[in-house]
Amino acid sequence: MTRMTERAMSPDEIVALMRADFPSWDQSGVKIEEAEYRACRLRLSYHDRFLRAGGTISGPVMFMLADTALFVAVIASVGPKSLSVTTNMSINFFRKPAPKDLIAECRLLKLGKRLAVGDITLFSDEETEPVAHATGTYSIPA
Amino acid sequence: MTRMTERAMSPDEIVALMRADFPSWDQSGVKIEEAEYRACRLRLSYHDRFLRAGGTISGPVMFMLADTALFVAVIASVGPKSLSVTTNMSINFFRKPAPKDLIAECRLLKLGKRLAVGDITLFSDEETEPVAHATGTYSIPA
Amino acid sequence: MTRMTERAMSPDEIVALMRADFPSWDQSGVKIEEAEYRACRLRLSYHDRFLRAGGTISGPVMFMLADTALFVAVIASVGPKSLSVTTNMSINFFRKPAPKDLIAECRLLKLGKRLAVGDITLFSDEETEPVAHATGTYSIPA
Amino acid sequence: MTRMTERAMSPDEIVALMRADFPSWDQSGVKIEEAEYRACRLRLSYHDRFLRAGGTISGPVMFMLADTALFVAVIASVGPKSLSVTTNMSINFFRKPAPKDLIAECRLLKLGKRLAVGDITLFSDEETEPVAHATGTYSIPA
């Protein structure tokens, strides 16, 4: 029995799926920079609507980006299972991100048949210290 | 030395602060139904833009509601500290919410000078089994 | 179709299972004070070996008690599935517990066929402010 | 202003501190294989007392190892602050570890003056797929 170690969907294929299944995709500001087997990198283009008090990008926006990154890493690995759902996400916020693009780097720590677990590190564009880190679980439908 | 056990801000005062400090508040769909010392209840009025694939309210929308509830419970207890920031939030999603209002019930488990920890249970309107549960920490500025 | 709302095992039955399947049970110091459908209360009898620097009960000891409480609440609800395993546990520590008994109160927030999620609040004996709070998920075998 | 990027304590110095402040250290089975600025690697020597039902190492034992690794990474970076305490730890269990040594690899994601956040990946000795992953926060005393 062979073990698949190549990605199941390319970034373009994933974007097509997101547009079809998530009507708000084009307004989200999210771009898929890379998508591989068990990993991806996303970019969130900065927009003023992401701000909260203090001039910083809000926590829910960072959560959205982390959750999307984990979803993209899962379907890049297992194919177009758009009914995969998050069952748990734990996120730590380290510092207030500047008003600029956010980068999410995701890797899958476990990829089982029913559950995938990954972590996501968020950076402000061109910076090296992360602004947030999340760990999450997706339930993959049969 | 007395220990304060009364709320520091009423729902109306909190709404005024949210409008001033979070420009997107009026578009958020969030209403404060109750706010007491160490507890609150919020309602998110249903809107189609909250949906994701599968006809269910998306995880980031539920995270936003949980995070807002914890913020409201904190400032209801300690006063107008709108620079309080989430340092950690862990959320578990139990079932797909129907396309209707969401209710968030929050209580503070710990209220220290610098840190507050609370949990938030999310329900679909008029249902008794929760759709999600979160636990989070806010860092309170001096 | 009826929905079971009665417990599947009594405290005595659970203790018998713990003794059979977890050889260290009798040395653990844990007692089951109550076990109901979707809830339980445990007591950890204080012992000096639980201490860490600062004269306080160590975090891993509190984790053990929380994890055991969730396990007991699950099997009290679904019967003797001793191969149920924790998939996730998130714990917040609020204050340093005094060197006395710890109480764990657990309730299940979700009880599905394959997954159960619950939260656990830990108290020092006869105190009202919790020392820690945890949320965890158990995977239940078929 | 210079930024310290060298470790504050060597493995031998950390072991001496652990022996002084944590009386159960020598019985814990934990060895410090490496300790650097913002990172460490520990080994837990296998012992039958770590087993739970199913012949696998128990969750609380893995939690203890993860928590210890984060503590070691913190004091390796900031010096002998043995009153540092965990405020939050979230752990995901991926597979049942075989009855053999466990390895913990820890890195600090944030190192502030008051808070440090790190993640810990646990492996069975000589295996490449992790058995568990945790993220935790330590509060560092002034």
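Labels for the chains are A, B, C and D, by order of writing; each one numbers its residues from 1.
Operating definition for what follows: a residue touches a chain if its C-beta (ideal position, glycine included) is under 8 Å from a C-beta of that chain, and two chains touch if they have at least 3 such contacts.
For clarity, every value in this text was computed on a predicted model and none was experimentally measured.
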item	value
Those chains which touch chain D and also touch chain C	A, B
Pair with more cross-chain C-beta pairs in contact, given B-D and A-D	A-D
Chain centre separation in whole Å, for chain D relative to chain B (CA means)	33
Distance from chain D to chain A - Cα centre to Cα centre, in angstrom	28
Residue numbers of chain C (touch at least two other chains)	87-88, 90, 92, 137
Parts of chain C lying in touch with chain B, wherever the complex brings them together	90, 92, 94-95, 109-110, 117, 119, 121, 129-130, 133, 135, 137
Of chain C, residues touching chain D in the complex	21-24, 49, 51-54, 59-60, 63-64, 67, 82-83, 85-93, 96
Footprint of chain B on chain D - complex, ascending	87-88, 90, 115, 137
